[in-house]
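Labels for the chains are A, B, C, D, E and F, by order of writing; each one numbers its residues from 1.
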Amino acid sequence: MKFAIQVNEGPYQHQATDSAYQFAKAALDAGHEIMRVFFYHDGVNNGTNLTTPPQDDRNIVNRWSELGKAHDLDLVVCVAAAQRRGIVDEGEMQRNGKDAQNIADGFRISGLGQLIEAGIQSERLVVFGD
Amino acid sequence: MKFAIQVNEGPYQHQATDSAYQFAKAALDAGHEIMRVFFYHDGVNNGTNLTTPPQDDRNIVNRWSELGKAHDLDLVVCVAAAQRRGIVDEGEMQRNGKDAQNIADGFRISGLGQLIEAGIQSERLVVFGD
Amino acid sequence: MSTLHTVNKSPFEKNSLADCLGYAKEGSAVLMYEDGVYGAMKGNAVAEKVAAASGVKFYALGPDLKARGISEEKLAEGIEVVDYAGFVNLAVENDKVSAWV
Amino acid sequence: MSTLHTVNKSPFEKNSLADCLGYAKEGSAVLMYEDGVYGAMKGNAVAEKVAAASGVKFYALGPDLKARGISEEKLAEGIEVVDYAGFVNLAVENDKVSAWV
Amino acid sequence: MSETIKKFMYLNRRAPYGTIYAWESLEVVLIGAAFDQDVSLAFIGDGVYQLLEGQDTSESGMKNFSTTYKALGDYDVTKLYVEKESLEERGLTLDDLMPLTWEDEDDDWAEKDSIRLVSRDELADVLDDQDIVYSF
Amino acid sequence: MSETIKKFMYLNRRAPYGTIYAWESLEVVLIGAAFDQDVSLAFIGDGVYQLLEGQDTSESGMKNFSTTYKALGDYDVTKLYVEKESLEERGLTLDDLMPLTWEDEDDDWAEKDSIRLVSRDELADVLDDQDIVYSF
């Protein structure tokens, strides 16, 4: 079955992104397809490459990057939400005159249309939030 | 009177940082002292210089930077919380082998001891959160 | 000691106001702000609980009432409206601030 | 159409479970996970409401129960424990998922 | 007409301003309007507060997005379900909400109400009938 | 001894794991223990869930921080107030909680309970007596 996943909260503060990750992993393990993971609201903060969590804790950002790489996942960070919260890729850096970018491996920044498209093209949308 | 302020949520998602800002401004306008604003939990995300909010909306990060500059405020981002969420200054960048820093003007990264000290030295601690 | 209790969540969504009222002693103040201001409206299921808290003075933050379209005539009796300067004054006048986040 | 309702908040802190129960029709499933699993415990003020929802099947996520120290004997009757794979199956078996975030 | 037409429900259960969910939900609705799906919005619980008339953020410094609801009709978003029980519990009536209307092209551009006041049971049926639910 | 000794209260009203507040609150308590203040913790509402015995995060991938509560005694954090009404409402008793103790140096290192079961009214008096309240 073809899933889409929406993540509304950032790393560590809420369990939402942990649950979304475990759900995604279980779905892939069961042979399902995940056509997109859309990071919205504070969820865009999962896409920063600047975290350094304690060694005895899970690395939430890297975990997403690795799952994405292993399964060729489309990890999309909402551009409007990202601009409010400071998640920046090469293009956004240039467009907004920023000194740095911080997008993590395997994530891409795109528009809200990707969330609607995910709703249309997937068979199930599962939302994880606060 | 000598105030300390604690901010537990990041920009835009929750009103907490807006309320903290308006409270701080009103306190300063009334001639009170704010000995420290301590950003904890997702509150550390107020200290990123990578946001580009829409032009018709308030710029939460810049507003803190400007208030800090005008009143020589001590805007402290908790290091432990910042490492989990990806707020990085020059020192953290080097220590953790990151490619970029993103700390906003007027903010500094420091330890939780600064929050305890704020509790001891201030006459009132006011907490803003979710 | 007198305490300023602050409540920033809607009483219909979260338990913050209810928790706070269990601890607000006589002579203390409760300030409703952000989504907490919905607790200051009259004619809803919460108004009775607020009215029953004896010896506690209730305040609501004007700018947050306005943002949410709550005019003063919609407020329950006994609620005093303050602005941010009034919030600061309440923090000064009481011995400490307890946030029911 | 059958719906999988998901509830991830404690019923004592937020209104999510109560809201959800107002909309869970006969034949639908309710999955409690994250802090929502506290709603699956027996002997508390919420258990009655859950028991009263007729024709609705309740599930609780095992990994979240374990994390919180809730052993199976502490669960209310009629709650079925599933793991993440079971969560995925519930999403597949029902026609859609409605998240009461 | 696109190949798939789905019934899209945007479920709004939060008050405005205290959190950004109400506003960022509207941003999805506006973008989604371009996709020619069968769109509904539901306002239950504190979500009904989003539609209160007379919102004025000038003193709080927040962004006032309440006028956007009035523009939804122009985007062909015309089905806004408001739960009766949620209004009552909060001491509100329809008169406290913004008047929201749309012009019906198939009925000589007659102005029609976008807000549909429904009971919880009725809304449960509407939700049951949806293909997809976006929760905010 | 530092010049000022204040009564510090850490007020815990949230369940563990669903949000990080419980854990980051503990991090403040541990750092704060070095400052020689008069420290208390209160667990009310869902905060009492933080102390449930037998937490095991191996299957959820979260960080298990529950053992940290057992270390608080070593940091001279020995006053943990647990509200009776909150336990009852949740169908819990003291037996469901981790045993938390400290060794009293002034009483021949006798092992004493850190958890103080108090009624809401009693706890209201304790809160009233504090100089400063950190809310999590």
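The rule is simple: a contact is a pair of C-beta atoms (placed from the backbone, for glycine too) under 8 Å apart; a residue touches a chain by one contact, two chains touch by 3 or more.
The chain lineup, named per UniProt: C, D = Sulfurtransferase complex subunit TusB.
Source: prediction; values computed, not measured.
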{"item": "For chain D, the least number of touch steps when starting out from chain B", "value": "2"}
{"item": "Copy pair chain A, chain B: interface residue numbering same or different (half cut)", "value": "same"}
{"item": "Distance-maximising chain from chain D - centres being C-alpha averages", "value": "B"}
{"item": "Selected pair, greater C-beta contact count between C-E and B-C", "value": "C-E"}
{"item": "Farthest-lying chain, centroid of Cα atoms versus that of chain A", "value": "C"}
{"item": "Whole-Å gap between the CA centroids of chain E and chain F", "value": "43"}
{"item": "Interchain centroid distance [CA atoms averaged], chain A/chain F, Å", "value": "35"}
{"item": "Inter-centroid spacing, chain F versus chain D (mean Cα positions, whole Å)", "value": "29"}
{"item": "Geometric centre distance via CA averages, chain B-chain A, whole Å", "value": "25"}
{"item": "Shared interface positions of chain E, touching two or more other chains", "value": "17-20, 45, 60-62, 132-133, 135"}
{"item": "Of all residues in chain A, the ones touching two or more other chains", "value": "8, 12-13, 15, 22, 41, 57, 80, 125, 127, 129"}
{"item": "Residues of chain C whose C-beta touches two or more other chains", "value": "8, 12-13, 15, 34-35, 63, 83, 96-97, 99, 101"}
{"item": "Listing of all chain pairs that touch each other, if any do", "value": "A-B, A-D, A-E, A-F, B-C, B-E, B-F, C-D, C-E, C-F, D-E, D-F"}
{"item": "Contact footprint of chain F on chain A as seen in their complex", "value": "12-15, 18, 21-22, 56-58"}
{"item": "Chain C - residues contacting chain D, complex", "value": "12-15"}
{"item": "Contacting residues of chain A [partner chain D, same complex]", "value": "1, 3, 8, 15-16, 19, 22-23, 25-27, 29-30, 32, 124-130"}
{"item": "Interface residues, chain D side, partner chain E - complex", "value": "1, 3, 15, 19, 22-23, 25, 96-101"}
{"item": "Residues of chain D that touch chain A when the two form their complex", "value": "6, 8, 33-35, 63, 83-85, 87-89, 91-92, 96-97, 99, 101"}
